[in-house]
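Quick one: the structure is below, and I'll ask about it shortly.
Should a chain be cited, it is by its letter among A, B, C, D and E, assigned in written order, with residues numbered from 1 in that chain.
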Amino acid sequence: MELSIEIFILATLAFGLMAYVIGRLHKQLGSIMTILGSLTIFGGIAYLGFTGGLTGETAYLTFTQFEISEFGLFFAIIVSFVFAMVSFFNPFFIKQYKYPALYSMLFMFSLAGAIGVFFSSNLLYLFFFFEFVVWTSLFLIPMGRSKKAASWYYGFSAAGSFMLLFAILMIYNANNGSFHISGIGSVTGTTQIIVFIFMSGAAFTKLGAFPLHIWLPKVLTNAPDPVSAVFSGGLEKLGAFVALLAIVNMGGIGFIIPSIDMYFGQMIIATLGALTIVFGTLMAIRQDDAKKLLAYSSMSNGGYILVGFSMLTSQGVAGGLYHIVAHAIASTAAFLAIAAVARVAGTTKMKELGGIIHKMPVTYMVYLIAIISMAGIPPMGGFISKWMIFQAVIDKGMIFIAIATVFGSIGSFLYVFRPLAALFLGQELPQFKKTVKEAPFFMLLPMIILSLLSVYTGVLPGVIIDFINKIFVDMQLNYNIVMNGFAIEGYTSGIEGVGPSLLNPLLIACVFGVGVFVAFLIFIVLKKSKKIDLMDTYTAGNFVYTEEHLHYSVDFYAPLERLYEKYIHIMKNFYKSLANKVREFGAFMKYFFFTNKPEITVFWIVALMVFLLWGDVL
Amino acid sequence: MIEILMNIGFGLGVATFGFVLQTAMGGINRKIAARLQKRRGPKWYQEFIDIFKLLSKRATSHGWIFDFGVIMALGGIIGTAMFMPITSSIVAFEGYDNFFIFVYLIAVGMLGMAMSASGSGNPLASIGVMRALTTMLAYEVPFMVVVMTIIKLTGTSSLTGIAVAQQTGDFNWFMIALPLGFIVAVMSLMGMLGKKPFETYIAPAEIASGPMVEYGGKQLGMLFIMHEITIFIEVSLFVHLFLGGAETIIMFLIKYFIVYAVLNLVSNVLGRFKIDQVVTFFFKWPLFFAVVQAMIAIHLGWVI
Amino acid sequence: MLQFAAIILLMLGLYGLLTQRNVIKIIISLNILEIGLNLFIISVGYFEGGLAPIFTSETPANPNFVDPLPQALVLTAIVIGVGTTALGLALARKIYQKYGTLNLDEMGEN
Amino acid sequence: MKNFLALLAALGLGVLIILSLQNNTLFNEYGEDVTGRDSEEYGDREYGEENPASGPANIVTSIVADFRSFDTLGEITVLFVSSLGVALLLGGTKQKRLDLGFHPNFMLRIGSKALFGIILMTGVYVTIHGHLTPGGGFPGGAMIASSMLLLYLADDTFRAKIKGFKILESVAGSLYVLIGIAGLFFADYFLENFLNNGVVGDLLSAGIIPLIYVLIGLKVGSEISGVIDNFLTEEVV
Amino acid sequence: MSAILLIAVPLLAAFISILVKKVSPYLLLLVSLFALVYPFFMDMSDVIIGGFDSPIGINLVVNKFALTSLIAVNGLFFLVVAVNIAQYKKLSSILLVALAGLNGLLLTGDLFNLFVFIEISGIAAYLITTTNKKPLQTFNYLVAGTVGSSLYLLGLIILYNMSGTLNMADMATFVEGNGMYTLFPFLLMFIGLGVEAKLLPFNSWVKGILGHSNNLSGAMIASVYATAIALVFGKLLAGVFQIEGTLALIIALVLGITILAGEAMAYASTKAREILLYSSIAQAGIVILLFTVGLGAWATFFAIANGVSKFILFGVVNRLTEEVGSDEMDQLKGSFVNNKLIGVSFTVAALSILGLPLFFGFVVKMNSLIGFFEPDFVSNLPGGNFIFPIIILVASVIEGVYFVKLLTKLWYKDSDVKVNFTPLFKYVVVVLAVALIVFGLFQGEVEELVASLINPGGVFIWN
């Protein structure tokens, strides 16, 4: 069955408009439309994608051309899957929004834009869809808590997308007048360097990587809960897509550094990626708001993707791609879990929450599996991608990047555990005893699917590794990941007699299962323990009656935070001062040029004439 | 399929051997420490007695997460131990004993224990967990840098591969080949084992023995088993990485005893760090030496 | 010579605009500027020994007239000057009605 | 200090302009022969010639009213708009004469009436002979208005009938445009001189041009008088 | 039917309208409708006035460019008049003269005639701004305008002295060879027109006029006059002017600073009208830049798109300020909550100015930027081909930030102020917004429309 991708984009737009029209009549129905819409789109793309039924010819949107590429399909499936899962939450959150119908429409429009970006082969119309996503998602943010986040978001993503535009136009100029996507590869000399710098700039802004990350925590904290899930799971992958084009598709940039045989350009990207990881982890550890913490975690995971891509080895790039899948699933699940809690408890501040597990155990399990994958612990998908990225980093022998990646993964244990302990576990606060109840079935369904997927990608990586290999073939990169049986082969060492380092996730899962079974046996065999109330705890001496005093969730990592407390606002202050400089420049010009006295104009006229004649006469 | 079952059985055997070995070693070292303090110290099998006494007691539980956490912790550690090679030939799963599996599966154990500790409702447990995780962050990073140097040099990340590399003479023992790395590894190992200078998170004197405060009866017993097997994993990891593994079990036992005894002696005479001192300490000198060692080994290629 | 005088007048007009604070004086300096300009326009068309561009009974056979076009242009320029000055003065009177003063500095910032 | 700096800048600029115009080879010096320009064609006729291309003896008038009469049309629109503007700004429903504290004695009031006639006559003369002698619609109109100004100044209670000026102004303006449109329909160019040019130098020569100049004279006269009236009166409040 | 009627008929109506005061508003509506419809029927030949061809007489240039600009300007004029005539009956004859002046501006082929029409439309503009009840600001505008036009005339006369002709086409051929002599007169003419086109050092009047604008004067100055002046100035820059040497440096500096400073000033201001006026200064700078550099065709449509968007933005903001009393952003917040239709069209206009997809602004901005990157493109301004696109892009980022701030304040804050817009205004604004979207979607047709303005060699046809 053949269907052009253009039909899908138009269908999504049509769904959006339908959602708007129905949304005006009845809020809930409108948001249910978004569920139907995104599910059909995801189903369609995934099914046709795998059976090769997608074609690129355009009947209606004649000004642009589409081309079904493997990596386009890869991203499209992930993003539409994330949209589909998150759309399940829309009906439950629609009541909080000022413009519910508009919300559903823009939700579908940003999906349409994203799909457009991944499949368009004409660079200018890649930018067209890129900008389309920016402004449609822009109006989703203010529906949440703060209004300032929207202008920060637009400022950074406009800067990013205009950098992308400048790069595209440089390519257009270099390949004398062609916008085809293959033009990226065929750029050489200084234009290649300029294009590389600007495109990675665009990727950095969209991914929220180090130098340009200020908007990510602001937006993901203040946007409505489903929107932040969509942002961190889906829209961030646009940045990864551009990063793939910029870093991998263009090949090495600049001279090769002999000791670690890496291109200079890629080295810079890797270092910035490492800084993103470290900065993201440090900031995440000290956050009190769960959503802000997850925002910084998706920032640091973005750093992993960048480090992976910039290794330019099969392990590295595959690790990056795999990490995109694992991170998309894990962070969407985590955000949805926090959203479920926020819907019922009203706040995501860890200070005010505690002991949600007793009323929402399933959400807790979903969140547990999500953070295990985000921290990169074995049975889950995150481990495999981090393992591959470590392999690549060590194979290149890059010590400082290695330190950053290790610090990032160990640090992720800390910051993922913090919401677990403060939000879910610990004393059950009285005010939540009555109000909090388990999320309804339709909210649990996507979360459970995401967790199962997390486990699946962790245990049986076969399908995704084949897809990644197909991408490498499609992008004419001579990379390949060897799979023998269920194990992934790491890089082969120089020393003979020593086989390649193997990772058999299925085996690890079984062994872990066996271990847990044995522990369970031990537990069951022994005497049954008496269940006692949570309040009845071993407190030396004085007895405490109120739950709040027995719940430790305020500044959880105090000793660690004290170490770097002074430096956390460097980047934010830098951008604030930049904005102020523009404002001061504007105010000065206003004061200087726009007084009520006409002599300013005459003065400048005389000045310009003197300036011209001076050169001419003398 | 049978062959996999055989391997799993063999793995379980390795795990129990680990548990028995470490508990015995624990007892013996208790006696050595006592001799240091001019007293006789308890019998060498004292630790066995403690564990089995605890397992037989009837205990209290703070809800399903409290128990599920303990099971997951012990299960994770047993799973990790199953992968551990005893000697370069005796290993449960040929070729799959990847170094990263150990680091991350220990994390599963840690996470399980932390989860149940926080689930117990006692704030002291949560503080203990917080301290454990912070210390882990501190000692793990320098250790990983050194191990990465080793992996870069030997080219493989499987433990048997590294052990074989040291035995077959390509490299002599990394204890000698990478002196600075070895020192850093010792310090991290003491952090891992929770020995004296870095044991703020489980020290009884600090906050009622940290995370374990709410446990009793079988849960505490299971956690003790988990603790013993963790020490076994970490010490044998150290042995394989730095002391060239072992051809025969006896060699392995001797090396194991030497490492564990020396560590115990050193830790008995030292004081105890405050938590943020641990982090600053590990990120100051050990990390510096680890980086210097890595630079020398990888980029300049000076390996003794 | 006439052209230099015209340019100097132009510059005086500009000087007036640069320094004067009184509304009427600004209008006057505008006029000076326009007069200078008109003088300049006229001077463009003149040449030594040129005749006035009017046919009379005494005009010689093929007369070399002065260039008549600038004179036509200056006619228009003068009337435009009158138009803008009339409007300026009307505005000056409205300003006086509103602010009670004609000095720009005393009008405050609004 | 600021004034001195401004003077310095202005004069310096003047000197610079003069110098640059001087050493600019293309710029013909003042008083240099300019006979080679296109504007020769404006005057290719002689005195007494029968029906030449452009009728009026005064070449400037032929440019103003015939060759570039579109400029003049624009010209009177400018005056029309500014007088309208002044009326809009200052004019009100009921106006009374501004009391400037100057009360002329009896002699001046009567004497000015006599002088008024003479000035008016010269104005009309200048307008009518626009195509023969220097002058024409604009100076003539100004003279007509100055006669009106004389009456205003001489007699502080005098107020002309503004209504009449408005009608005169509007009729003259529309007639001018209608002539132009008539030129378009009768002789396929807007504002073309479709009448016979007669003999150069006669009073009744140069087709529609004297007619246009008379209309312009009346229009300019009425507009400027309207402006004078607006300035010398204030709204009855 | 020759194009001269476009000027003659409004003039005739103006002269008649002062007699019959009562009927003049309807006359104005009728004539401006005629001016909008007539260009579609008139024949496309150059018009000679008074029977004498170009070197001696005056001719009107009627080509595709003139036709497009006429339709755009007359269209916007008709909309402004239709929406505001009920409130400003007194100004109908002045508006008629303004219409004649604007049409004359766009059509005339003679440089001195252009000066006359600049004066006509200028004085009409001064009178329109007197409705703001701010005589001092109008006075400043008058002084600046007069100085500007006098300098333009001075430059023109110097050029006449050198070339001997006043006609644009002949002047262009004269200037072709000896560009280096004509630097000073062209600077004078650039300054003269720069004052009207709101370029930075000369536009101190803009804040006074547009800052206190009302429904009529705001829309008229910001959209109708801005588009007309930009197109005429562009025609001169593309055709007649020969820009090189220090003149090119000055023009590059002026344009660069206008664009960047315009955006910075808008970013620094908190009053809604001030934001819009500084953004229109920057947009004017971009349009003039595109004309100077030779991308005339797309510059025309950039000016028209900007004109349409500014019509909507100024119309809405002025109406809100009239109701709310002050145009401070915080007072206006939440005013779209209870009139969504106006809000949506306002957002469409704002997003089109930012150049976001699906809107006409995107098509125009992208193609103009692509113009800079054509392989065979050589910019006559110093600083290579890529410095100006960077300036435009940086400016659009700053522009984006303050527009988003404005939009979020207007949409997402809730306030009790209930502003009612006249149904006619709503209808007009929605139609324009839909036009912006339709033009944005059908990019193929827009490109064909633009192609007609360029001769096969890619050079912008201006006469």
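Brief remarks on what is shown
Note that a contact is a pair of C-beta atoms (placed from the backbone, for glycine too) under 8 Å apart; a residue touches a chain by one contact, two chains touch by 3 or more.
Source: prediction; values computed, not measured.
Between chain B and chain D, the least number of touch steps comes to 2. Common neighbours of chain D and chain E, by the contact definition above: A, C. Path length between chain A and chain C in the touching-chain graph (shortest route): 1.
Two chain pairs are in question, C-D and A-B; the one with more C-beta pairs in contact is A-B.
Taking each chain's centre as the mean of its C-alpha atoms, the one that lies farthest from the centre of chain C is B. Measuring from the averaged C-alpha position of chain A to that of chain E gives a distance of 44 Å. The mean-CA centres of chain B and chain E are about 76 angstrom from one another, to the nearest whole unit.
With centres taken as mean Cα positions, chain E sits 29 Å from chain C.
Residues of chain E in contact with at least two other chains: 112, 116, 119, 123, 126-127, 130, 136, 143, 147, 161, 184. Those residues of chain A in touch with two or more other chains are numbered 596, 598, 602-603, 605-607, 609, 613, 616.
Of all residues in chain D, those touching 2 or more other chains are 9-10, 13, 17, 20-21, 37, 39, 42, 68, 71, 74-75, 78, 81-82, 85, 89, listed in ascending order. Pairs of chains that satisfy the touch definition comprise A-B, A-C, A-D, A-E, C-D, C-E, D-E. Put simply, chain D touches chain C in their complex at residues 2-3, 6-7, 9-11, 13-14, 17-18, 21, 30-35, 37, 39, 42-43, 45-48, 57-60, 63-64, 68, 71-72, 74-75, 78-79, 81-83, 85-86, 89-90, 132-134, 138, 200-201, 220, 224, 227, 230-231. Contact residues on chain A toward chain B in their complex (touch as defined above): 259-260, 355, 357-358, 364, 368, 372, 375-379, 383, 387, 390-391, 394-395, 397, 399-400, 402-403, 406-407, 410-411, 413-414, 417, 420-421, 425-427, 487, 490, 492-495, 497-504, 507-508, 510-520, 522-523, 526-532, 534-540, 549-553, 556-557, 559-560, 562-563. Chain contact summary for the complex, chain C toward chain E: residues 10, 17, 23, 26, 30, 33-34, 37, 40-41, 44, 69-70, 73, 76-77, 80, 83-84, 87-88, 91-92, 94-95, 98-99, 104, 107, 110. Against chain C, in their complex, chain A makes its touches with residues 596-599, 602-603, 605-606. For chain D in complex with chain E, the touching residues are 17, 20-21, 24-28, 36-39, 41-42, 66-71, 73-75, 77-78, 80-82, 84-85, 88-89, 166-167, 169-170, 173-174, 177-178, 180-181, 183-184, 187, 189-193.
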